[in-house]
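Below: one structure in structure tokens.
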């Protein structure tokens, strides 16, 4: 079995997630066919809040479900509970 | 029987009443003890709309009922249905 | 601030008039002269006021609001004279700690103003004019004739 | 106009942005930084936004409003950065032919913005600070511990 090809996605972090991670953005390599849920697993080691205090997730500026499949170059944003207004 | 003493009140007219009367204000002599209803009778000859299209009446900037008794120097305003805003 | 002004309301800053440090919401409502009314094209509007009494009654509406909602500031200004389309006839500002009460109070203020403040609007069309407020009576007359 | 602005909203004229000649009512809602929140004294607020997405979602709210009410114009602007007490964080303007729909639409706009637009507020007190939005979870944790 050959390892799945890798793609790369752009991660955007905001508010409490940004402070927990110590960065606003990072690039993450994921396997081709990986979902948003897979990405959360991958990042949760570095940013536990993504699992312990989950918010919403947007891909390319649209809210998506955890089974949403990622593609090369996608912008994935982790959105803690919003409090604008 | 001696005639009732006369008092004088200031009349203010607005909008359709003002146009019907051709004036914004006038002074009217009325008998001591006269009510707002008596004043309407007196003025209705000159301004029929006060009887045919009655609105509200204010004395000294406060809405009053027809049986309100007038006093010397009162300002009596005839208020057609309001349409501000 | 409860005022009848014989000139434009544009440029009057009501927000800073009503806001306190306790407030999280400020609403400004403006009634403006619109082109279409009752199926006719309006050329302009004319407003007339019993100014001395109108200011007293607007202040009374402010008291009613403060008795009913936890609102910090209320301002109502109404203009008189000739208004072109797009100009404001009335501006109402309400500041409150929370938005729910600010919305309720602002809607109450304009509803109440239209009921009891002695101000009158005349619509001027290209082919006529009419003081507004008598429509109900005129409608009744029409119904009697057609009945 | 649906914008995230990294500076003061004061002085932005939203009324002329939304008004058409068909409109008789213009409402401007402003959310402002207030001194007291959750029983504490606020020193200032900080707002952070996912600006590119926030502007898209605000425009979507504008579409929702126009699909639901006969409203001519909708504008929503939200600022980011540090806000002193009294400064506006958000301004929403709605113009409509009649006031009823303008009030409903404005209230919907701010309710919806608070639900779905990716913007975050941090309250800064003299003795601490907190991102707002996690209160529910924290409350749950507290309840679990005290149960």
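The chains carry the letters A, B, C and D, assigned in the order they are written, with residues numbered from 1 in each.
The rule is short, and it goes like this: a residue touches a chain if its C-beta (ideal position, glycine included) is under 8 Å from a C-beta of that chain, and two chains touch if they have at least 3 such contacts.
A quick note: this is a predicted structure, and the numbers were derived from the prediction, not measured.
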**OP:** Chains touching chain A and chain C alike, please list them.
**Re:** D
Original post:
With chain C excluded from consideration and all other chains held fixed, what connected components does the contact network retain?
Top reply: A, D | B
**OP:** Using mean C-alpha positions as chain centres, tell me how far chain C is from chain D in Å, no decimals.
**Re:** 26
Original post:
With chain centres defined as C-alpha means, what is the inter-centre distance between chain A and chain B in Å?
Top reply: 76
Subject >> For chain B paired with chain D, centre-to-centre distance based on mean C-alpha positions, whole Å >> reply: 51
Original post:
Got the chain C residues that touch at least 2 other chains?
Top reply: 31, 110
Original post:
Residues of chain C touching chain B in their complex?
Top reply: 31, 47-50, 52-54, 56, 78, 89-90, 110, 113-122, 131-134, 136-137
**OP:** Name, in rising order, each residue of chain B that touches chain C in their complex.
**Re:** 12, 14-16, 18-19, 53, 58, 61, 63, 77, 79-85
Original post:
In their shared complex, at which residues does chain C touch chain D?
Top reply: 15, 19, 21-36, 85-86, 88, 97, 99, 103, 106-107, 110
